[in-house]
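Each remark here refers to the structure printed beneath this line.
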Amino acid sequence: MIKIGIIGAGRIGRVHMEGVTTGVKNATVVAIADPFMNDDIKKWAAEYGVKTCYSDYHNILDDPNIDAVMICSSTDTHADIAIEAIRAHKHVFCEKPISQDLGKIKAVMEELKKSDVKFQVGFNRRFDHNFQAIRDAVEAGKIGDVHLIRVTARDPEAPSIDYVKSSGGMFLDMTIHDFDMVCFLSGCKVKEVYAAGAALVNPDIAKVGDIDTAVITLKMENGSIGVIDNSRQAVYGYDQRAEVFGSKGQINVANDTPSTAVLSTADGVISDKPLYFFLERYMASFTKEVAEFTKAIENNTKVPVDVEEGLQPILIAIAAKKSLDENRPVKISEIKF
Amino acid sequence: MIKIGIIGAGRIGRVHMEGVTTGVKNATVVAIADPFMNDDIKKWAAEYGVKTCYSDYHNILDDPNIDAVMICSSTDTHADIAIEAIRAHKHVFCEKPISQDLGKIKAVMEELKKSDVKFQVGFNRRFDHNFQAIRDAVEAGKIGDVHLIRVTARDPEAPSIDYVKSSGGMFLDMTIHDFDMVCFLSGCKVKEVYAAGAALVNPDIAKVGDIDTAVITLKMENGSIGVIDNSRQAVYGYDQRAEVFGSKGQINVANDTPSTAVLSTADGVISDKPLYFFLERYMASFTKEVAEFTKAIENNTKVPVDVEEGLQPILIAIAAKKSLDENRPVKISEIKF
Amino acid sequence: MIKIGIIGAGRIGRVHMEGVTTGVKNATVVAIADPFMNDDIKKWAAEYGVKTCYSDYHNILDDPNIDAVMICSSTDTHADIAIEAIRAHKHVFCEKPISQDLGKIKAVMEELKKSDVKFQVGFNRRFDHNFQAIRDAVEAGKIGDVHLIRVTARDPEAPSIDYVKSSGGMFLDMTIHDFDMVCFLSGCKVKEVYAAGAALVNPDIAKVGDIDTAVITLKMENGSIGVIDNSRQAVYGYDQRAEVFGSKGQINVANDTPSTAVLSTADGVISDKPLYFFLERYMASFTKEVAEFTKAIENNTKVPVDVEEGLQPILIAIAAKKSLDENRPVKISEIKF
Amino acid sequence: MIKIGIIGAGRIGRVHMEGVTTGVKNATVVAIADPFMNDDIKKWAAEYGVKTCYSDYHNILDDPNIDAVMICSSTDTHADIAIEAIRAHKHVFCEKPISQDLGKIKAVMEELKKSDVKFQVGFNRRFDHNFQAIRDAVEAGKIGDVHLIRVTARDPEAPSIDYVKSSGGMFLDMTIHDFDMVCFLSGCKVKEVYAAGAALVNPDIAKVGDIDTAVITLKMENGSIGVIDNSRQAVYGYDQRAEVFGSKGQINVANDTPSTAVLSTADGVISDKPLYFFLERYMASFTKEVAEFTKAIENNTKVPVDVEEGLQPILIAIAAKKSLDENRPVKISEIKF
């Protein structure tokens, strides 16, 4: 039984509490820490059988009983906590992005070189049944050599302007998942990026220097071409599709829906909208990524998303922003790391 | 070039005029006859380049230039005209049903024994791309031995009570196509039939002794089981589906639609309704059945739907009506022919 | 927290252990009993945190701490254990069928009249997301008056001949779910049944007096017509579809699949087969039915599938068998209860 | 009856002969010209009732009986013949592209200013049922303001290297349809283009200076963003899809298929591949575009695709090539016209 301490009791910390407790057989959450710890959080944690609650996450790092930590705190604290955790000999599951500061990621990587703890980054969508079906087909050679990769990712609702301001920009906040997905689906790294974007959903987003709509072209190291389209607001719900095209065929995945029901009336033939948002759509993948993390600890094998893989989407996002600002294709090698 | 005379300028006569003229390369319509011949019909015929219009179809039968006739007159006249046409050495394409009077069908069959003209019955749905895809798969053994055959056929609108009164009943008027389809898809004859039916769409239909909704179970000679469901009114449009299930798999066909467009909005995910009715849905099959008829004449080969195949659905329809009236399964062999 | 004792550690007992433990928040399994209790079962139970294991289920009935029992033992013991449990003032969740012996069901019903315990029958498919989507649409009037109900249920593999021998026949063993589904989807009882059946999958099934393929027509009390088609073996997997057609439209549900992936190659366009069997397909519904059961206990409300609803499918199954044997439609009122 | 002369008896000339003859009621082909006129062409033309065959198209231009010409000759002759035809007071249907030489297009436009003949360009896909369904929804405001436009166009087989050499490059030869489609679907012009491309299907295509795979981003004048992906070879067949996303929803169209049949076996669930190539997929649109052309002549109304609309995709194609060569976004205004 792997003993886990969760750091951060916000939205994503709660997702992982639910996931580990109900779906990861060889792990148990033994403690949770949050700087704003209070009775509500304690009550909620108790429902999952977790009675050890701290304000200070150092209590988790200091507990020799704890094998692994899940860093679910605010993004700007990820790297610092990760370094402390590595030094405390805890295996680390770190939510994405590792950091928006490349220097801090470098520091984490340096620290990992000196340690043998496992370090996994939370790109949960890699564990989704649909995207795994594409990856499996590509790996099995069913579509031959990869020529084109397409990812569509559209959120059901634009976030608040306050959120947008502190998000690091759409590419680092939202598209980062899609940058990872293009790499994952194709099994290849990105060489160059060109981004076209605009604030079409909400002009206030432009005022704070961000965009809400984008098409991003990615030249891959193996010569294939990726393309992502994003919107911060699809009124019909969370639109999460992908397609890979190659020399022997094509594979694509459609959205998941609450049911397969199709209603035919005088007004038309009506199907379900996609599952509403990431909790509904990706809950199983959040559970599965942690199950894989604990398996890697147990069997001392490679984690499925390592620090290097966690770095790539951040580099692409930074290059994409530069491309958008300068309206030109930008090579990943232009981004200093 | 096969020269065709069309007998009957009603709905189905017009369908065949359009079909032969635009889609059957080796045939041409040279004359049309209708007891109610008038200027409108003449004008319409002229648009298709047909200038010979008669009130009396005997003019067509007497024309030595004409190779074949298409009998598109009212059902009760089919058999008599067919016999005359056979005697006049014309190849005959006879609209379904040959007759509702088994004695008259027998007379046609007797006449055919003495002749070598081609005689084809108008079960156009056999020539539909979807149902042919099922038939091809079944014949190619892709689903193995046939176990179950399912046909769904629902009209978009119930006919008028006047039409219902003179229709011969739903089984002879509408389900007859489905009885033929079960035989066609399975490649097998029906042995016994059980029909459950009711007037659920329009109670006035019950008052004139008919039904508008039915489920009919068919025991096939090879042991497989067929089932048909019918309604005279599907408010979402013409519902024409089928499925055959066997030892190695299953094949089914969905409805055809005007386009493949799918609209996703806050209200749902909306696709096209089926093509509205038999003209929209089956026009290509009307053309194709005549093309096959003319090919059989040209090459002196077997027609695709002969008089015996045209008889079967009528026997099944009569048995189904008996089953409905007596609420018991009825063997086809109980129907005297 | 409702304390549950599970009686029977076979396949279905294990399903419920998993379901209650991971998915029912207000209940906990505190004990399990099985006549063949052994170390393997004990070890398995311990993984779910259940340490109290008995050979004799009376230990569960005698435990004043236990609120409810789930009867997952062999079918022939359901009713007797149910009566004892009711007398011991335990709420009862009884797997389907309550019994194949109508006298025993009557005895359970008599016992329930004298008690105020909750009694729910395990028709889990009522809690499936797809079938609930149909039911919701029907209840909301979206398809108007119900005219036709269609259920397709085909298993991926035929059971062993030994299983078939002791199963009570396909109608009581397999179709019973579909009889319930027709009632559930339409919100209406069955009045008369006609069954056509054959052993087409495996002739040995005929030798032991059973069938493996059937089409069953159901005349409903409100005049609508239901139809079920069954096969014991669909080589492409567990085929679980349904459709309800009415005066204002139609709603149908397709199979669930492992993913939405569609692979297009030179060989064709290939989608996933259905989820393999009832564990893969219906696990969420097993959890949900127990969650509803515990809610009914907690709030002292009506259970969603009561003893009367549990009885109906058994009566229909018996009538269907009689119909098959006598090749005639059989009224439910002919079955003595 | 509008009398048409077809200039060019190659592939596309034959398509239009078939289309006009079988599907355009108010027009008739009276003559055909081809520099390589021979007995085979004459025999083929006679099958459509066309007996006037010339080697020199001037015979058509000189015939006062002829109302309109369809220019189906090789691309480099389009503009010169068009100018001669306009001067001869013939209405002109000109196959796409008008010319690859912008100067020649300018000359055609100058000539048209002095004339009142109708001039339509052959962007047949605008008349396809699927793309029209998108256009109708967009125009009706069903998806609100347009944010993203996506076109996927992949041919089933790469052309020969000889063809590629003289094609003017993939953008002018193949993508030109998609450039037009983005404009048509969105109802908006292109402002700037960025093209990423490679020869991934066949390296010999790179040797002759062309590409076979591309992703092209289009910034539209109204701020929305278009994206096209192309491949010269999709082994599963002709892949022709599109999607428009906006503030109120999204609409997309899938491929057309020979049938709706779905075969489920132990190997998977298999659907039809797309209709094979442009003849199978777009025949109805070729007929419809000419029907609209003749209607515009008859009613003296605006043609659906005028010379200005015919020019735009050529400008975009030239800009896209420049973008590819210089690896930077190129404004349409940079292309001198």
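Before moving on, here are some points about what is shown:
Letters are used for the chains, namely A, B, C and D, taken in the order the chains are written, and counting of residues starts over at 1 for each.
Keep this in mind: contacts are C-beta pairs under 8 Å (C-beta built on N, C-alpha and C of every residue); 3 or more make two chains touch, one makes a residue touch a chain.
Owing to the predicted nature of the structure, the values given are computational and were not obtained by experimental measurement.
With contact taken as defined at the outset, chain C and chain D are each touched by A, B. Among the other chains, C has the CA centre that is most remote from the centre of chain D. Once the centre of each chain is set as its mean CA position, chain A and chain B turn out to be 58 Å apart. Averaged C-alpha coordinates put the centre of chain B at 42 Å from the centre of chain C.
In whole angstrom, the spacing between the mean C-alpha positions of chain A and chain C is 40. Across the assembly, chain A contributes residues 234-236, 239, 248-250, 264-266, 272 that each touch 2 or more other chains.
The residues of chain B lying in touch with chain A in their complex are 234-237, 239, 264-266, 268-273. Contact residues of chain B toward chain D in the complex are 22-23, 25, 47, 129-130, 132-134, 137, 142-143, 248-256, 258-266, 272.
Only residues 145, 147-148, 150, 154, 194, 196-198, 200-201, 213-215, 217, 219, 223-227, 229, 231, 233-236, 239, 245, 247-250, 327-329 of chain D touch chain A when the two sit together in their complex.
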